[in-house]
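Below: a set of structures, written as structure tokens.
Next come two complexes, and both contain subunit A; in the first it sits with subunit B, in the second with subunit C.
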Partner chain A sequence: MTQKLLIGFVADLNGNKNAIFSAEPVIRVDGTDYLAHNGRHDAASLVAITAETATYVHRFRESSHRPHASGDVVWLIGASLRGSIDSVNPLLPVLRRVRDWETYEVQGFAWTTGSRTALYDLRMQARNAVQPLLLSAVADDMELRAGDGRTYFELFSELSPVEDLDYFLTRALYYRQLRDLNREELTAVYAAGILRQVRSARHFRKLLHRRIADLNAERVVSASTRTVPIATGAMSEYWRQAFSSTLFISNFDTRPFRLSSQEHALRMAHLEALTDRRALDVWSPWELEDRDRDRDRVGNRLHAVEVGQHLRTPTVTSDEERG
Partner chain B sequence: MKLMPWIQGMRDYEASNQKAESATSTDPAPMAWQEIVFRRLTGRLEGISQGKGTRFAEHVLELAEPHVYYGVGRNSPDFGDFVIVFDPVSDDASGGAVAPFDTGGLASGHSRVRAPLSFRRMAAIVRDASIPTSTHQRALRQWIRRAFARDRDYLADDKNLTPSEHLIPEIIVQPGVDQRRWAWEARLPARDTEPDLLRPRRLYFRDDYRARYQRWVDQDNRMDLATAKQHMRMIARSGRPVDRPYDVMMKGLQNGWLR
Partner chain C sequence: MSDSGDSGAPEVDDFAGAPDAARRQFDAYRQRTRETDYAERLRTALAEYQSVESFDVGDLVQWKRYMRTRPYPLNGAPAIVVARANGHDQGSPVEGDDEVDDIVLGFLDGDDQFHMFPFPSARFTRYLD
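On to the complex of A and B.
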């Protein structure tokens, strides 16, 4: 049986320093070089490298040539991404694997081989490891703006092997927390364009509200403390989401909300001011004290939020909702 | 016959040279692939990266300024990480032209010719053979009907299916030859174009290249929000993540899906 020797790959490395990706392998069979589509060895998948196309091939040094197994593609990781992975402890299992990859002489890339499916799995495992860090960071202004929030965001994005709803909602949440509304909107528009389950950018925003409410509820339950759910956007949607997540917000005299649009708007504006543009937040006691003082100062009677203890859902009938 | 689109693929132009040149080259650093895709899609062609081979060919062929190149109806080679399919340009004000063969292949000596050609002769051949963009579709259609048994043979991925005639008598076409020897090539001056001159019809990205392009656009600040939204919609509508961009593109063309 003729040996198939992996001698290089075809990919554009410029622009991929912060990426992990696969490339088509170039193999040598009986002295002739072929590009092997998806790493397969059948005749239909092999394209002979000609004098003209030879310039597109990245060639490994001879000592790195190795037998090629059908179905294996070349996995590549850029130096920037490898450095970022190195700085994040929960990604240690991924890093251990990446550390063993061979170095390629151009632009600090490292490479190994494997199937496309296995690379997908590795990336998904890494994405799942970094996502909780990102979600935690977006609830913390310091972490978000001056800490590791950006690193987690980039890792989550670049490691993700697929553009699914969770991927888009997580990215949009990051932008929401940064108050980068343009990029949040672009994410919504793009997600609506490619995901069947997202009907429109507006629908995406509703899904984002729901995600925020769910995340708030999770945090609240796990923290068993007082909190305020924060979400911007359509006011009625805000309240609906807040209540649907069993977060009960009352005013000081516990009347069910029956607010005019103007009152509603004032409360929303105040709530956002109070919360310093933060979402997914579990307030610390001292923060609550600060906010209590703020509340007194502006005379708004917005009350604290009790979570998990008040499961009844008050009737929300703002003017906007009454239509 | 349907209009033949203009097609651009993407490979690492000088992959084989990067190791040797990384420390000493005085050439401008090549652009990131995302920047190249963005410029191609939005017509920001001024200053776009060119390979050394292209620069050499343009010098030999006495083109007065840098150009960007498109395969007409098909594109070679048959691999790469993405392919962009545009509606054909027909506005002569663009300054573009169409040649009935791969001009770079002629200049670099890849085309087999009946007798050795001087650079000056090569330049004259390209100059004389160039067809205005406004009439190139009709000219191509007429040639395909003369040169192939069936119209669709122009799109066949069989290197033994070659045209019975070549518009340039100096170029020899034999079975098995690279299709670029006879497939038509369009070029536009590498200047920023009018906004609607280039109309992307379909983008085929390998694996997650589409996602990486979208993230790159997301971080780029050159477009205002309304334009960026339009661009995102276009990527979502026309972009296809696929295993083999070239193959899927050719199947689409052969089956008429792209029209």
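On to the complex of A and C.
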């Protein structure tokens, strides 16, 4: 039987320094080089490398040539991702074997061989291993900004073999905790565009709120990240008084909100918080919309209660403020 | 620490009182030695070390597989050959090597400051950008 020798692969390495991915192998059979689609050896899957296509082939040094098993593709990992893995290696034993991958001379990539399915499994295991580390990190402001939070986030993002709902929610949570509202919103938009189970960006934000509530319930995410906004300046005193005389209720994401007559003050305080980076928590415009709608829903219920309790005098809430 | 491994006899704790990092490193080493392909990986490491390449000043190089023994440079990150060293032995008994540091490599640190240190060239391979 003619030996099939793995001699290289076809892939574009540029821009993939922070990625782990697979590439089509190039094998040598009887002195002729072929690209083997999906690593298969049948005649239909082999495409001869010509003089024109030879420039696209990355060739291993001769000492790295090895017998090629049908179905195996070349696994590649970029230098940046290798560096991230190195830095948290003790925490991710599933990735320790990356050290066994052979060094490729171009741009610091490392490589090994295996099936696409096995690579998917490895990446999913690694993602599952790094996710708890990331969730712990986002609950700790120091870890998030000055510790390993960013490394965990990059590992989670790059190792993930699939962009599913859990992937998007975890990434959005990270951006939320960083107060990076633009990226959080982009994540919601992408998720709505890619996932069938997400109807819209607004629906995604609902799901995110549920995830936050779940994490809070498990005390995985620090309660300190879900505090009431602390406004500063003259408005804060107004706000403090407004809160002190107002009924609070916790909505789904555990933020207290107030009802009826002091709504304007609350809105002003939130706007102040939005423009004041010293605020502990910032509500984005879409959250204000969500809050308004939920406040209306819950407010109507409380309104009925108050009607019963206070001589059938409804709490005043202007239509204008409700929008 | 008791050892549930091969001998059955309690293992001597060589790292009693040692810093946690040293103990963790030793525990990890002990774990590796028990793995079935440990011997095969040793052979691979030797083959890597023995495939010596020659470098000229200005060449970019990177660590070979299993060959990184210092924090700088990172795995997969390039360093530049600054000079051939004078061949004096920089090996330390703690590191357990008697290697000759025969090339000087330069790299930029996080503050973009250029550092140069002698390294054994046998631990490095080419880096192409």
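Everything below uses one rule, namely that the second predicted complex is superposed on the first by the 216 of 323 C-alpha atoms of A that agree within 3 Å, B and C clash if a C-alpha of one lies under 4 Å from a C-alpha of the other, contacts with A are read in each partner's own complex, and residues count from 1 in each chain.
Keep in mind that, in the parts below, a residue touches a chain if its C-beta (ideal position, glycine included) is under 8 Å from a C-beta of that chain, and two chains touch if they have at least 3 such contacts.
Just so it is clear, the structure is predicted and the values come from calculations on it, not from any experiment.
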| query | First (subunit B), second (subunit C), both or neither: which does A:D12 touch? | reply | first
| message | One more residue to check, A:R176. First (subunit B), second (subunit C), both or neither? | response | neither
| query | After lining up the shared chain so the two structures overlap, which partner does A:R127 touch, if you call subunit B first and subunit C second: first, second, both or neither? | reply | neither
| request: Tell me which partner A:K4 touches in the superposition: subunit B (first), subunit C (second), both or neither. | output: neither
| query | Looking at the overlay, what does A:E105 touch: subunit B (first), subunit C (second), both, or neither? | reply | both
| request: Name the contact category of A:I194: first (subunit B only), second (subunit C only), both, or neither. | output: first
| query | Touching A:H68, do we find subunit B (first), subunit C (second), both, or neither? | reply | neither
| Comparison of subunit B and subunit C by subunit A residues contacted | B
| request: Could you say whether A:V162 touches subunit B, subunit C, both of them, or neither, answering first, second, both or neither? | output: first
| query | Of the two partner chains, subunit B (first) and subunit C (second), which one does A:R211 touch, if any: first, second, both, or neither? | reply | neither
| field | On subunit A, positions contacted by subunit B and by subunit C | value | 105-107
| task | Name, in rising order, each residue of subunit C that touches subunit A in their complex. | result | 24, 28, 41, 44, 47, 51, 62-66, 74-78, 125-129
| Can you list the subunit A residues touching subunit B in their complex? | 10-16, 19, 21-22, 24, 35, 37-38, 47, 50-59, 105-107, 116, 157-158, 160-163, 182-183, 185-187, 189-190, 192-194
| query | Inside the complex, what are the residues of subunit A that reach subunit C? | reply | 63, 78-80, 82-83, 86, 90, 99-103, 105-110
| request: Sort out for me which residues of subunit B touch subunit A in the complex. | output: 10-19, 22, 29-35, 51, 53, 77-81, 105, 110, 178, 180, 207-212, 214-218, 225, 228-229, 232-233, 235-237, 239, 243-244, 247
